[in-house]
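To start, the structure under review is shown below, and the notes come after it.
Order of writing sets the chain letters: A, B, C, D and E. Residues in each chain are counted from 1.
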Amino acid sequence: MAVSTDRVKQILSHYSGDSVGVKTNLARLLNHGNLAGTGKLVILPVDQGFEHGPVRSFAPNPAGYDPDYHHQLAIDSGCNAYAAPLGALEASADKFAGQVPLILKLNNSDTLAKIDQPISAVTGSVKDATRLGCVAIGYTIYPGSGARNHQYEELRELILEAKDVGLPTVLWAYPRGAGLSKEGEQAVDVIGYAAHVSCQLGAHIVKVKPPKDVIEQAENKKVFEKFQIPTKTMADRVKHVVECAFHGKRIVIFSGGEAKSTDELLEDVRGIAAGGGYGSIMGRNAFQRPHAESLKLLSTVMEIFRKAA
Amino acid sequence: MAVSTDRVKQILSHYSGDSVGVKTNLARLLNHGNLAGTGKLVILPVDQGFEHGPVRSFAPNPAGYDPDYHHQLAIDSGCNAYAAPLGALEASADKFAGQVPLILKLNNSDTLAKIDQPISAVTGSVKDATRLGCVAIGYTIYPGSGARNHQYEELRELILEAKDVGLPTVLWAYPRGAGLSKEGEQAVDVIGYAAHVSCQLGAHIVKVKPPKDVIEQAENKKVFEKFQIPTKTMADRVKHVVECAFHGKRIVIFSGGEAKSTDELLEDVRGIAAGGGYGSIMGRNAFQRPHAESLKLLSTVMEIFRKAA
Amino acid sequence: MAVSTDRVKQILSHYSGDSVGVKTNLARLLNHGNLAGTGKLVILPVDQGFEHGPVRSFAPNPAGYDPDYHHQLAIDSGCNAYAAPLGALEASADKFAGQVPLILKLNNSDTLAKIDQPISAVTGSVKDATRLGCVAIGYTIYPGSGARNHQYEELRELILEAKDVGLPTVLWAYPRGAGLSKEGEQAVDVIGYAAHVSCQLGAHIVKVKPPKDVIEQAENKKVFEKFQIPTKTMADRVKHVVECAFHGKRIVIFSGGEAKSTDELLEDVRGIAAGGGYGSIMGRNAFQRPHAESLKLLSTVMEIFRKAA
Amino acid sequence: MAVSTDRVKQILSHYSGDSVGVKTNLARLLNHGNLAGTGKLVILPVDQGFEHGPVRSFAPNPAGYDPDYHHQLAIDSGCNAYAAPLGALEASADKFAGQVPLILKLNNSDTLAKIDQPISAVTGSVKDATRLGCVAIGYTIYPGSGARNHQYEELRELILEAKDVGLPTVLWAYPRGAGLSKEGEQAVDVIGYAAHVSCQLGAHIVKVKPPKDVIEQAENKKVFEKFQIPTKTMADRVKHVVECAFHGKRIVIFSGGEAKSTDELLEDVRGIAAGGGYGSIMGRNAFQRPHAESLKLLSTVMEIFRKAA
Amino acid sequence: MAVSTDRVKQILSHYSGDSVGVKTNLARLLNHGNLAGTGKLVILPVDQGFEHGPVRSFAPNPAGYDPDYHHQLAIDSGCNAYAAPLGALEASADKFAGQVPLILKLNNSDTLAKIDQPISAVTGSVKDATRLGCVAIGYTIYPGSGARNHQYEELRELILEAKDVGLPTVLWAYPRGAGLSKEGEQAVDVIGYAAHVSCQLGAHIVKVKPPKDVIEQAENKKVFEKFQIPTKTMADRVKHVVECAFHGKRIVIFSGGEAKSTDELLEDVRGIAAGGGYGSIMGRNAFQRPHAESLKLLSTVMEIFRKAA
């Protein structure tokens, strides 16, 4: 365990309602890897085999069919944490025990079925998380889904159960469902709203997609105009989302989305860092590149966040 | 803890079926703040970030993005209590521990999803309420919703669980759903009915919207006419609602509704006070105003209730 | 506690499969009030505020807004028991502790919502019943409802739980739902069937509406004709219903229905008594009359049953 | 308790995977009444008041309104067991304690409601069965119902719970539902399939309707033809059904169905006996006849099975 | 218990996240029968009486109506294990205790009902599995079904419960449902995806159908083309599926499907073996043949896998 910097102590102070156990595991996340102590985070998540299918996820870099590959990549690249579904962690956790903080993603969805309302299946448990030595649980909600209540209530149970064993919760918040237009899923007002709801639900770390310069709800349009809230640049929008997350008192990190060119990706990351985002969670953009390339990319991303710290 | 006045003792006597623990927490509510001992209450509720979204709720006074702001406002203004969802209380409760009675709102709803029948998600637990030092739990029902049974039964469980740890229940009763016209949601007969059902469900404090001079159910129209029950003034209507709440033996408080002009708002409050209402629960009308203005408004509202005590 | 008469002992012998605890509480019901020891019962039920709304229920005699009024009325009139939902009993039980046997009605329904299949919400628990000193629980089923299974199974759980603490169950059996015509809800074959099902479900006391001279099911029509079962008079029909209740080995009582003229009401009561009914459960016809009048009416009703005992 | 014959010992050996407790209760069934020790069974079931209504069931012989009548009839006629729903057993069990083995039918359905998918309500519990001194539980499944999974899974729980207290399970298997034609409900392939599924579900005794000379599923038609499986006579068909029940290693008994002439009924029974059926479960055909007649009929039926033993 | 070969030890090392108890039972499977120690498996599953009906399953070889027949066949043929539903194992397990590893199939489906979304009923429990001396539980999922979440979550509970008593899980993964075309159910991308999801869900052994040279999802088509992943031969396709199963770190076995000619069947098996499949699970193709023939076939199949080991 590391000595916490002032910044880490400050962040932890925003979680004063939580137990020492939960704060200890948050500290483990903040104090690991290349960004240790900066208050910034880069996390490697690998659930795409489940979410999009193995061939689409791993064919570009077939080493990724093996769960060990990702676990090792998270260690080698100095990420703050490695997040994956149950099966993958069960396959690799014993081999790499204690080398990188782990987040067990507790629910997942595949693309084989037609499901009316977006909702993932719970495929892991808090008990699995402690058995596998994880520092946090992960969970996905789809604000906008007609199955919202089921998800929020299930999450509530899991958060309580996780707290009981000192584990904080990382919440993947993806607005989606009959309540939203397709474009609205990444609208800045919707992402901000989703981040706020996530915080109210008791999430410790919120993961959203980078917000776009779109406003979804008519009521919100008036408000953005009336109070002249800027949404032009990624930095503007990230600033708004961070504000929605209890005035920045909750950790908000941003995904990279689909694999894209290194330049586009770094442009996004710079915006996120400039807007006060706490970091990135980067999957396909990392593990689908050849090994050396992915290490280099992650290193560059970390450097951007370090400078913004 | 304060010495209870005769009025407070009288109110507590109406809860003689409850444990000393529950009555102690009711006394804490009644004996705190500027209205302590009068039997009247003004409560600050801040769940609008969740219910209507953060930007609509906090852009008018951006200090409100920070949960600490509201907690401090409830203390500074001398409210009887501060009510909020889990995340907000977790963020601020430790810092302000013991300075104002807290009510944990156990269920909430956002506007991102299309839900067929009005129903909120349970986003907190009785265990959270005790962990955070609250004096009561809060819960929202939508009488008129096709999901009524689910809500009433969930509430029943929560009330029982809360009683077991000495916590009373504040019930937000918002008639809404396929069984009612839009106008009928605030009709005087519907609000009165909702208040009565709330009392039968075991609520200790009932929160309704100010009733309008409308009668929704045909059967009720005949009865109001036959027995010449007046509904013209706010005082008339509040009197009816209080009567429906076990002849005034249960505490009924009224919301302010959407942000409006100070004059309109105070006009409503005067009617509520004149009709025998126990007090107001005032959110947007308070925290969306600049700080000094909101203090002044709350002080005026309290003065109106003090005079009616 | 009173010495049981031979008739009371005989009735209790039909419940020989039950524990002494359950039989003791049945004896408390049978041995209280003006009809004590006769084997006949008159019960005051006040759930109409919940079921039909407060203004329709209490405007005719506004004293009824106060739950204490009904509790006192049940005592003053010498009823065998007073039945009400949770909130009302919580408000009055402590004040009048031990003066009249109480029945906690565990489920209730309001008219604000549009519910597809008739089904009440559970709004109280067996634990509440023992906490409030009740001698029985009450529950409403709607035979004929598509939600029948849910109700029967919930009842089963509650009966078991109640037996465990020595409480018998009073079952309100109201045929209603897509399986029945409107007229059929009070058809003599349907009421008889509902009474039989109630007994098979394990109810100790069954409450039905007075049967009308109508036969609902085609199959049954043939049987009534073939075996020349008379249904002309109320006494005929009540006799059939009592027969359906295990040959009269289960207590069956009849409601008064909507408020009506004293003459009509007493006519019904005389028929019920003549047909071997165990008694009446009379709400609106009692509490909506002025106090003295309601005492007189209840006294007359009791006298009719006493003479039939 | 009786000394088991070789045949009873042989039958019990097919249940070698079960506990001694379960086998003891199976032995109690096989060793009671006129057919004791033969390995054949005749059971009196009286759930028709619930399933078809009291007037249709008991008007032909009004003594049957009284649950005691049936219990006594089962004793007098020397049946192996008496099966009934909860209420009836609660009413009579204490009076006749220990005189005939009892089967508590745990789920039942009335004809008052329109239910989309055939499914009964659970109206009794294993705890009730032990409290009332029963030797087995009974449960009804409707293979062919869209609610099949609910039923199979509920049954699974009940079987496990019953095994824990040494009670075997008698399964009423009535194919019915959207998956089947009306005629197919008694088709020989369907009855055979239902019997097989019942055995796989863990039933100890399977009760089906007498199979008719009809084949429902197209795939099965080819198989019956290809392998020339005879289905002309009742004996042929019963033989097939018994074969489907683990090659006769599970007890399969057959119902009598609607009340019919004595000749038709005995013709069916002779076919069942000739085909190797373990016995009959006979309700309406027994209790709707005058008492002496029903004793005579049951005696004749038992004689047919005794000769086939 | 046998000495584990290096290959068995290597396979077990891929399950390092599991308890010694679970690995012990995996070793029992791998170290039994003709293929003991090779790391290859041939399993006899007999659930077709439940899944397709008894007459279609057992008429070709009527000895199969008796559960003992299959249990004995699994022993005689030297299979690694025998898998069956509850009833069949209850009937035979005591007689053959300890002679062949048993897998209790915990859920099953019949063809009598019309079920909207493919989903089996749970018809056995982990408690049954330990009571009957099994070395593993079996469970069927239908990826592609709209009831996917229910299945994945139920499986999760069962896996956890099974792990607690040291039992591994064999997962039958049959893509099926509204999300897939009929042909797509055996498409190579879908089978690969299903295998991957199975591994992520925590299955220890995955059972899929032999993949066909079809690609279902448009997105996948591009990927197979872009990265030139061969799918022409069975060996190619099996190789892909094994890769999807954590780079071969999870055991994947293949079914034989409908009864077919010996030549076709062996052709498939050779492809499976050549592609690196861990083995076959062969039901109808075994038990529907005459006894001697089925022994010979299974022996030939085992020989193919032994050579590939």
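Some observations on this one:
In this text, a residue touches a chain if its C-beta (ideal position, glycine included) is under 8 Å from a C-beta of that chain, and two chains touch if they have at least 3 such contacts.
All figures in this text were calculated on a predicted structure; none of them were measured in a lab.
Path length between chain B and chain E in the touching-chain graph (shortest route): 2. The chains in contact with chain C as well as with chain E are D.
Each chain gets a centre from the mean of its Cα atoms; for chain C and chain D, those two points are 36 Å apart.
Separation between the centroids of chain A and chain D, computed from CA atoms only, is 58 Å. Counting only residues that touch two or more partner chains, chain B has none. Shown here, the protein chains touch around one cycle, each chain meeting exactly two partners. Contact residues on chain C toward chain D in their complex (touch as defined above): 14-18, 143-146, 148-149, 152-153, 156, 160, 175, 177-180, 189-190, 192-194, 196-197, 199-203, 217, 219-220, 223-224, 226-227, 229, 240, 243-244, 246-247, 249-250. Here chain C touches chain B in the complex through residues 49-50, 52-56, 59-60, 62, 65-67, 85-95, 108, 110-116, 119-125, 127-128, 132, going by the rule given at the top.
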